[in-house]
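Both complexes shown next keep chain A, but they swap its partner, so chain B is in the first and chain C is in the second.
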Partner chain A sequence: MSYQGKFRVWRGDDSGGALEDFTVEVNEGEVVLDIIHRLQATQAPDLAVRWNCKAGKCGSCSAEINGRPRLLCMTRMSVFDESETITVTPMRTFPIIRDLVTDVSFNYTKAREVPSFAPPKDLAPGEYRMQQVDVERSQEFRKCIECFLCQNTCHVVRDHEENKEVFSGPRFLMRVAELEMHPLDTADRVDQAQDDHGLGYCNITKCCSEVCPEHIHITDNALIPMKERVADRKYDPIVWLGNKLFRRS
Partner chain B sequence: MPELERHSFDVLVIGAGGAGLRAAIEAREHGMRTAVLCKSLFGKAHTVMAEGGIAAAMGNVNSSDNWQVHFRDTMRGGKFLNNWRMAELHAQEAPQRVWELETYGALFDRTKDGRISQRNFGGHEYPRLAHVGDRTGLELIRTLQQKIVSLQQEDYKEFGDYEERLRVFQEFTVTDLVKDGDRIAGAFGYWRESGRFVLFEAPAVILATGGIGKSFKVTSNSWEYTGDGHALALRAGASLINMEFIQFHPTGMVWPPSVKGILVTESVRGDGGVLRNSDGKRFMFDYIPEVFKDKYADNEEEADRWYTDQANNRRPPELLPRDEVARAINSEVKAGRGSPHGGVFLDVSTRLPAEEIRRRLPSMHHQFKELADVDITAQPMEVGPTCHYVMGGVEVDPDTGSSSVPGLYAAGEVSGGMHGSNRLGGNSLSDLLVFGRRAGAGAAEYVRAMDERPVVAEETITEARATALKPFQQEGGENPYTLHMELQQSMNDLVGIIRRAGEMEEALQRLEKLKERAQSLTVEGHQQFNPGWHLALDLRNMLLVSECVAKAALLRTESRGGHTRDDHPSMDAEWRRKLLVCRASGDGAVVEEKPQIPIRSDLLDLFERTELEKYLTAEELS
Partner chain C sequence: MARAEIAARTLRTDRWWLPPLTTFVGLLLISIYAAFRTFQGDYYWVDQYHYLTPMYSPCLTEECVPAASHFGQWFPALPGFLTPPVIIIPFLLGFRITCYYYRKAYYRAAWASPPACAVAEPHSKYTGETRFPLIAQNLHRYFFYAASILLLINIYDAVLAFGTGVGLGNIILLVNVALLGAYTLSCHSCRHIAGGRLKHFSKHPVRYWMWTQISKLNNRHMLLAWASLIFVCLTDLYVALVASGTISDLRFIN
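Right, the complex of A and B next:
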């Protein structure tokens, strides 16, 4: 059940590059990452790509397939037509290193700017008590595998390099929300979200949630509730509008 | 030659999995300037893939649990070959290490009274695994990663520099350790991104590089698992023990071919999943070994009752230690009772409501749906054994993690002894935390007590650079990918789950030839992010480590845990008293016997005499 598939893969580095055409064997049950590996083993041994788990758990293999931000290891070949040419390009929002590998250090910088968990001072290790229902909200956000596809997709930075300075992106705004909703965190994070991480730039388009391979409801469960908490302190027209448009049942 | 990038630290941690990160936190908290080096991006180490949980006798679900019970289970799982001091420290300290994670911000699943919930797992007498659904490793690594960030934030407040005392170098591969005389003096390697070389000067190096599974064809392990730490230790003069013991996890995916080997967590069985053959029979009842007869149910009714009443029933045999289950599956398939794609059926769909399966096993549900078109809430999975974990590793002092080379430490999967001949599920994540912390403290103490720092000689650097560049200097040599595939096939077929002397001898011959061919590898392109080059350098480590595995496996003429000999099918109490120790010699490895340290008497007293008789010699018992 093999066939010869047509691929166009972006090759190059920070000085430039181009799409290169390949014809390569595709077998039953394979994912796009398998094809990239076959290219490495047979036609392009120095083709650069990141991966680790091959099971959607580590968030290393992010790229764009036919223009859609996706994990290479979780995109099955069977979703494409055998005659279709499949285009694989690196994530667009981050600087190119080589081929499909981009410089994602933006994300590590932003991660470092979110103040860490502030534990309760009066509880010793082993004394923490929390109810399952109360941890579940933050647990949803902790499913994040840091693939950075949401960061790559959000138009606030995708099309506006200049916003990278002031906007932490959906992944790290969600991290702020996660800590804010942690039952035992003692810090106040509402003003931080707005003032230090640029929550106000988000206009709840939900594009980030759409590409999240973990199906985390980034916008509905993290960003909008954070905006509501901000709005309780300040008036924010987008929240007001958002509440009208996306009222959750 | 371009200027060499140099850095100097007190403690260098190679590896950013659970063991490396916990070690780095400890070293930094002891005031050491610490660096963490890792091949992948920060947060992507193998630990992220762990699913089931962390074993720690907190007694939250069953208050009868305590460290003594955990110790006993660990020793039984390892067939008493374990380093008992490590097993003791591990069982005693695991609960504190898990609770500590909560203070770093971890959010485990909870019991009704708000404590950390614990689940059942193979070989553990009570529900013992702290977990977050089936993504516990992600929680562990992210929590440690965030703790590192919080320490960096403290430094930023104090010094205006996040990296003053703790710095992560990601996508960096260490190719050689460097020494000053007999002491460790640092490490040499390259940035994966640019291919440029770096020298790290440091009096103490902690290896936390994980395992070796990429030397086998069917494996749950990622590209990182090329046994680098094992090989670095050997070349630096340290010894490895227990390399013949490799865990084949009973349940890896078998179809489609491209995902063959990817892990199906043991939690599926812990939460009620059962194994069936093509006749629909729950075959595990036929495979309960003599030593476990009093602990495992011999009929379905009792096994099923156990899930709700553990006090009055024996455990289902699906929860036997992994080596037993893997061999049973292997036998069923060989006997022609396998599933269409050469595995057996693992079914949870008839055992739990769909909603419950999605809640408890979300990532398994997702994985099968996305990768195999199987809905595990409605259909059985097809599974078979996959190379998963290496019990063997660097021989270390249990209390400090130090190897026989001054300044060289090891923790986590790269170290040996703790798990004996077979590791219990969940005992790795706890091992990482307990011994990561101890190695961090051990290395810090060593550095503090030192009067004079080691110096790196220039020749060492020149040599390390030349070795790393060799694949570019040769033309017309072999493709590293081809060699790698041949190595994987040989190890899989000849030193795999069931072993025979003749096959292992053949494996050793093939390894010799591969070693020769590896001398003339050719790599295309340049040094910048070049996976072909990276593989060429990793191959050297895989070949050395594979030689240790094959040689040790050939010498051990008994079957125990992760080492099954068709030609020596039974366990031999005399062999329990012996360790096989590997050292580097020339461009290969030598393996020698060494007596095992006798188990301390108060620890022996934790077992019934009738049980000890199954493992120990008459001489030891008298």
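Right, the complex of A and C next:
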């Protein structure tokens, strides 16, 4: 069953651009990325779109569909009415390269700012031993496909470009949480989270969790536990006293 | 390089404004009701059946009905328009205001920061919870401790009311403390204190078990936050209606 779908796609680059209207054939079972590919093949051969796996695992085809941050390959056409005009735009938070392709290097810069896993000095690779219950919290965060939809939707940087310097965004605060919760990591991640990665900027409005295509509970399982650990360290004199009395590190 | 030139505040076509509007109206109505009942200073105790509304528990000042002061009258009568609940309301309010769920709710609904995901906020500057006053949100755990004590007192009140028999009011007080208990236990700070702060669950099996159970409740924190808030108001309304003689309590066992 096919129909002619109405689309508005943002076309342009960093010197300017606009939404352009297209009518494209839509077939049963297709996703938005299929339509973008048909658009490329039939009407706009120079339309730029980044994609790779078409299976929601590579995190390449992030964009905004009807204003909502989503993966093009995981958004079924069947969720829209046939009469609906579907708007496809690039991620707003990152600089535009062309059409639907943005420069996501902000995320790579932030990734490099997170110190890597720091196992105990007397433990060589191959000697790591840990219980499953100790690592499974961190493992949830390893599902991340780095589509950067959470980074894109987070209002701290989406609406305030000036915060990009001090705020690493949910993806990398989650990376800090992953390492902090790792049973063999010895680095001090708590102060880093607050002072170097801007955890205090997060006001836990949960948009990162809402848009995550892997359904990771970013806010509940990574950001809030990190905020609680920061509260232990910086804002809780009872914990501080307990640590002193019982000589906990 | 610049961002894509898109002038619209949002391109969302769904009714994104509905959830924040509903939240705003809900919180506003409940705030108005709670303020009215707090400053009414009456109809909080049903002497015949020993029902005490949770909004006035514990009743600690000298203007309290003596039978309603289960833990004594620690404070003199309050001056002017002040009523007994003003002593406990700051702790209950503090617990809700600093709650991680309610923060999301009112940051979106009342402060539009952001109003909804991928909808631009109207503020030109944003510092989040890094500065005063919002840095005080880190005090949530202290309000959790205070709210836990108040919960135990509410449980005591609900049990004490069974001394006169069993009526619909007893069931309502019981459901109320069950919902308040579930909301308090599902708190993120409680989850952290119970076991979340540990790095090695395997070394603390009891705390790990507690953490897993609290995590299940924590998944429903929003639901419990609303259910307990609305039910506290309904409980108070029922006690007020019975205390004022507007309705009579439905008795099962007298």
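Please note the rule applied: the second predicted complex is superposed on the first by the 235 of 249 C-alpha atoms of A that agree within 3 Å, B and C clash if a C-alpha of one lies under 4 Å from a C-alpha of the other, contacts with A are read in each partner's own complex, and residues count from 1 in each chain.
Note that a residue touches a chain if its C-beta (ideal position, glycine included) is under 8 Å from a C-beta of that chain, and two chains touch if they have at least 3 such contacts.
Because the structure is predicted, anything quoted here is derived from the model rather than measured.
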Original post:
Of the two partner chains, chain B (first) and chain C (second), which one does A:230 touch, if any: first, second, both, or neither?
Top reply: second
**OP:** Please work out whether A:202 is in contact with chain B alone, chain C alone, both, or neither, and reply first, second, both or neither.
**Re:** second
Original post:
Of the partners chain B and chain C, which touch A:40 in the superposed model: first, second, both, neither?
Top reply: first
**OP:** Scan A:101 for contacts with chain B and chain C and give back first, second, both or neither.
**Re:** first
Original post:
Thinking of the overlay built on chain A, is A:131 touched by chain B (first), by chain C (second), by both, or by neither?
Top reply: both
Original post:
Regarding the shared-chain residue A:140, is it in contact with chain B (first), chain C (second), both, or neither?
Top reply: neither
Subject >> Contacts of A:111 with chain B and chain C, given as first, second, both or neither >> reply: first
**OP:** Determine where on chain A the residues touched by chain B overlap those touched by chain C, and list them.
**Re:** 97, 131, 182
**OP:** Spell out the residues on chain B that touch chain A in their complex, using ranges where they run on.
**Re:** 40-44, 46, 48-49, 58, 95-96, 99-100, 102-105, 107-110, 113-115, 117, 132-133, 135, 138-139, 142, 146-147, 149-150, 152-153, 162, 193, 222-224, 255-259, 262-263, 363, 366-367, 370-372, 479-481, 485, 523-526, 528-533
**OP:** Over in the complex, which chain C residues touch chain A? Could you list them?
**Re:** 1-6, 10-14, 100, 103-104, 107-108, 113-114, 117-121, 123, 125-130, 134-135, 138-141, 188-189, 192, 196-197, 199-202, 208, 218-219
Original post:
In their complex, what parts of chain A are in touch with chain C?
Top reply: 10, 12, 14, 16-19, 64, 66-69, 84, 87, 89-90, 92-97, 102-103, 131, 133-134, 153, 155-156, 158-161, 163, 181-183, 198, 200-207, 210-211, 220, 224-225, 227-232, 234-236
Original post:
Tell me, which parts of chain A touch chain B in their complex?
Top reply: 13, 27-31, 34, 40-41, 45-60, 74, 76, 97-99, 101, 104, 108, 111-112, 115-117, 119, 125-126, 128-132, 135, 138-139, 142-146, 179, 182, 185
